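When the chains are written out, they are named A, B, C, D, E and F in that same order, and each has its own residue count from 1.
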Amino acid sequence: MRVIASRTPGFVGADLANIVNEAALLAARKDKESVEMADIEEAIDRVIAGLEKKRRLMSKKEKEIVAFHESGHAIVASLLPNADPVRRISIIPRGISALGYTLQLPTEDRYLMTKTELQDRMAVLLGGRVAEEITFGEISTGAHNDLQRATDIATSMVKEFGMSEKLGYVTFEKEKKPLFLPSSLLSSREYSEDTAKQIDEEVKKIIDETYRKAKEILTAKKEELGELARLLLEKEVVEEADLKKILQSSASNPI
Amino acid sequence: MRVIASRTPGFVGADLANIVNEAALLAARKDKESVEMADIEEAIDRVIAGLEKKRRLMSKKEKEIVAFHESGHAIVASLLPNADPVRRISIIPRGISALGYTLQLPTEDRYLMTKTELQDRMAVLLGGRVAEEITFGEISTGAHNDLQRATDIATSMVKEFGMSEKLGYVTFEKEKKPLFLPSSLLSSREYSEDTAKQIDEEVKKIIDETYRKAKEILTAKKEELGELARLLLEKEVVEEADLKKILQSSASNPI
Amino acid sequence: MRVIASRTPGFVGADLANIVNEAALLAARKDKESVEMADIEEAIDRVIAGLEKKRRLMSKKEKEIVAFHESGHAIVASLLPNADPVRRISIIPRGISALGYTLQLPTEDRYLMTKTELQDRMAVLLGGRVAEEITFGEISTGAHNDLQRATDIATSMVKEFGMSEKLGYVTFEKEKKPLFLPSSLLSSREYSEDTAKQIDEEVKKIIDETYRKAKEILTAKKEELGELARLLLEKEVVEEADLKKILQSSASNPI
Amino acid sequence: MRVIASRTPGFVGADLANIVNEAALLAARKDKESVEMADIEEAIDRVIAGLEKKRRLMSKKEKEIVAFHESGHAIVASLLPNADPVRRISIIPRGISALGYTLQLPTEDRYLMTKTELQDRMAVLLGGRVAEEITFGEISTGAHNDLQRATDIATSMVKEFGMSEKLGYVTFEKEKKPLFLPSSLLSSREYSEDTAKQIDEEVKKIIDETYRKAKEILTAKKEELGELARLLLEKEVVEEADLKKILQSSASNPI
Amino acid sequence: MRVIASRTPGFVGADLANIVNEAALLAARKDKESVEMADIEEAIDRVIAGLEKKRRLMSKKEKEIVAFHESGHAIVASLLPNADPVRRISIIPRGISALGYTLQLPTEDRYLMTKTELQDRMAVLLGGRVAEEITFGEISTGAHNDLQRATDIATSMVKEFGMSEKLGYVTFEKEKKPLFLPSSLLSSREYSEDTAKQIDEEVKKIIDETYRKAKEILTAKKEELGELARLLLEKEVVEEADLKKILQSSASNPI
Amino acid sequence: MRVIASRTPGFVGADLANIVNEAALLAARKDKESVEMADIEEAIDRVIAGLEKKRRLMSKKEKEIVAFHESGHAIVASLLPNADPVRRISIIPRGISALGYTLQLPTEDRYLMTKTELQDRMAVLLGGRVAEEITFGEISTGAHNDLQRATDIATSMVKEFGMSEKLGYVTFEKEKKPLFLPSSLLSSREYSEDTAKQIDEEVKKIIDETYRKAKEILTAKKEELGELARLLLEKEVVEEADLKKILQSSASNPI
């Protein structure tokens, strides 16, 4: 464990999961019955090599997009009352899939979340895409993962948490799933076409409203967005204090 | 057995099931062919550790939501003629998933239940969400499990028990399921879109009516709801006697 | 065999099937390769214990519902020309799932059944629910199995036997099923939505008409229904002769 | 082979298949790795016992229905120009599932069949049900298998043979199926709802027209139908010559 | 290899595939781990026996239908500019499933095919059915395989090759399929009902137009069709030269 | 590795993948447990033999189609500002499936792509089909793979990247797929018919617009298209410099 820890500074849980996954694939390719330390080390090497290559290969245009994208997340998170505070923003590629990240604390999963908290979490996710749109007048594939996670939250609000007035308090997912079976094989839709249409419409409505909210915030803070993105491009990592400085220097109040 | 019993005071069947489940996972991870006592003990340790951590980590806001939520269940259960009487209310996290609980007796499954009894059982389940709504003007993810169980009951009323006038006496589930096969794989819908739509509408109608009923009760008893929640926050556990005292002190009659 | 027979007096085929099922589960839990006599004996013990517990635990209200429910079956069966005659009515729980039963002879499966015979068999099944409704003005979950069986018959009339004028002589199920594969996995619907809708409507129409017929009979014989139910509650078992006496004492003719 | 042959006089291919099937089940229950002669002999015993029991147990009413049903098949087959000639009619239960049979020759499968030949084959199949209807004014479950086979032919005409004007020359089934996989698992419908509806309507139309044709024939030959059925009830087996005599004695021509 | 070759004169690839298939089944029945030469020889024997039996058993009517059917293929193929030229026509059953064949060269699969070439290939396939229709005023099951192949081509034109104006350049099949899994299990339709309807309509339109084209050709060449069919019935095999002679003797030009 | 490299000059990644695939099949046919060097060498032999045969067998017409098709890709790629520059065009069959190719650099996958870059990539893909259409007034099956890839990009734009205004920021695919399971088995559509219809319409709209764009470019550059295709037919391979010369000689500007 210590060896792995010492070799993966700054890696978070998901990165470690990715490494283990990669190691399992390597072991499988060698027909081993279990994953050995050698596989994990090879996996770490590959991941780090991948990160360095990625950092070298990203074009100036790509780095700019990432900087504005992450700044969008950070500013929306800072200005919404129910979002977790931002500790650090980075455009150093992290782990296997992220080109940059905005670290919010606490990262602990909450035991309960209110409807407002879920909406603010979605707004933070959509903030990246909004920042691209209002800055470049053009959007990229970089928001893919954010859109998926926002869709997942909105879908759960409608189908599991009874938070859509139109669908009411009915839930649309079975709780118990057999262990080890991929959930998608099991969730054969039982409800009617008509209900499916209402669910789709409600999910879209929730996402649209949240997008509008994130757009209002970032349009009002367009200057700070640019300032933060430029600082990021210069320093690659921006800490909480600098973010606060940028936001306080502006006269506008949280929205 | 005695060892397990002595280590799990206050655990109910579902908690024990969760422990066994956890132990099975632990044994599987160690490639054991069967679950050993060591796995069960480790599982118990984990569950208890989880409970303690949960108790420490829940925010004041979360505890308040749980207290009002449980009080909502308890007051609706006390005032509906066909609901089982409440013996204890607690906001000490219980087992792996519950943040609080309202204990009703008898817990025995009934051999027969009338339509009215099913409706009252649903009203008790929805009481938690209603209490959140009328107290905080805001709802949380905490009602997720209650909504699922109420949906299950309403769905069975319509699809299995012939209790919806619109669908009549036709049932919509096959009785015989092969052993050991996950039921969701098998319940491929055979009925028409039109029937599916009617079923969805009837389930929603039943849930909506029941929600209204729970809301009427808790709106009339808003004062008692607050009193009970405050007592719960102070003492963490409230017994039947104290609940009765709170309800009798009010002049209003059962609804 | 003799041991099993001597220990299960009054058990019918379905009860024995249940015992074998239970024994298989017990053997599986002990990782045995085959079911042994010891497992069967343990299964019998459990079933008998379950029966005794059930008998003790059923509430007065539940027993009343069961008595009227079984009386409903019996009276409809006695008054319909094409239903098999009733030999015994009982509210002693039988086997694992039944809370009471109405025994009709011959129990042998018929080689051919006419449309009228199928309709009368459905009316007898629905008679239990009708009796609950006209007696208590309230219905229970106890008719679940009856409704399923009536639905199965009506569905076969429409989909397999060409007995619905609207759907005509077309059948909607494939005859040959591979051995050992659960049939529900295979019966993926091939017909159109429109046909599915017509099938649903025809099944509902057949069930509704039959329910009306059973209701007419029991409304006309409400007095006899009460008399029979009261006799059942007193004696727990009523034989053919007593049933006939109750029905003959009334002046009304079979309907 | 000789042993089996000598023990199964009058059995046709399907009966032998049933016996082998039964023997396989018996062997499986005894955990044998292959089916032995002993299993086949036991299977033959069971089948023969079943036949004898069936013969003894069928009611007078059932025998009458079977006699008219088989006579319906035979007369339609005799009077349609493209149907295979009838060699024997019998109401002695044959094999495991049939209560009676009408033997047409050649039993060889044809290499090609014209549309008219398929229509006549369907009319013969539906003749059994028609005979029940016009004789008793009531229908039974006995036509189940005939209806399925007629539906299969009509469905193939529409979906495989391009014989429906409305659907035209498009086919709706894939030719190649992987070996050993149950076909029903694979025939996931690819065409649209609209096409499915047209297919259902065309199949129904074909069956309805054929039914009408069979009804015209048997209504015109109602007297001969009764004569043949009565002869069957008396002798249990009627040969070609007697059938011809009955039909020739009447003045009416083939329809 | 030489043994097999010497025993299967005139067999084409598909016939050999059938023989291998049959041999695999024989080996499987004998619980062999691999197919041995003995199995292949037995398979060849069976196939040849089948052919001889088929040849002997086909009725005069069937042979006539086959002759006109194959003549239809051959004449359409000869008169369409983009169809491969006909080398031989035969009504000697070939391999396991074909009752006759029309041999076109080159048999090599093309690397590219234009829309017109695909349409002509379909017209040749439909020519067999057209010949039956205009000769006998009646159609048979013999065109089954031709209709399937024409449907497959039309479906690929619409779904894979972007050759339908209505559906445009969108494709509707995934390219990558996992090895060894039956494709039908995987091609779960992803597109909407509306798109499915348009696809069905376009496929039907393409087939209908092509059928009309084949019918025009054969109606204009009805005399030659009869001449060729009669020659076929007499000689069983007709070579390219004789076909050309029949077509040249007529004054009409290719259509 | 060196052996393989020295034997596969000019092969790209996909070709090597094809060889490995072929080698695996060969090894599987010989019942080997793993792929050996001998299998890979045999696979290389087969692929090379296939290429040579293909080169010899392609007709003049096919070669012409391929030349115009590749020229279409190359000219659209050269004139769109966001497409990768063309390094080489070839009509020497490459690897197992391609009849020709247009090599664009960088071949590295991008980390981010903007909407405009995706649209230009699609236009390049569709350029091949457009060139066939405007040159021959006739289309071939050769664009199959291009159409699939363009459809895949358009589908991802709508379902994953939130790039369709109509569908908005909702995504329609689950991110996590179990390892080693074919994705198509899992992506059982969860959204409504109505949403599916909108997705289909948006995908078609995106493809149609891009096709129009590619057609505008190639119609304006029809002369250069012919010049390039003729050069290709003469030399089989055209390098970047010659392509530039052809395009610069014309007076028209990039569109």
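The definition used in the following text is that a residue touches a chain if its C-beta (ideal position, glycine included) is under 8 Å from a C-beta of that chain, and two chains touch if they have at least 3 such contacts.
For clarity, every value in this text was computed on a predicted model and none was experimentally measured.
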item	value
Minimal step count in the chain contact network, chain A to chain E	2
Angle (degrees, nearest 5) of the CA superposition of chain A onto chain F	60
Between chain D and chain C, distance of the C-alpha-averaged centres to the nearest whole Å	32
Where chain B and chain D are represented by their mean Cα positions, the distance between them in whole Å	55
Euclidean distance of C-alpha centroids - chain C vs chain F, Å	64
Contacts with two or more other chains, residues of chain C listed in rising order	185, 187-188, 193
Residues of chain D that touch chain E when the two form their complex	108, 110-116, 118, 160-163, 167-171, 173-175, 177-179, 181, 185-188, 190-195
Residue ranges of chain A touching chain F (in the complex, touch as defined)	21, 54, 57-58, 62, 65-66, 99, 126, 129, 136, 138-145, 147-148, 150-151, 154, 182, 184-185, 187-189, 193, 196-197, 199-200, 203-204, 207-208, 211
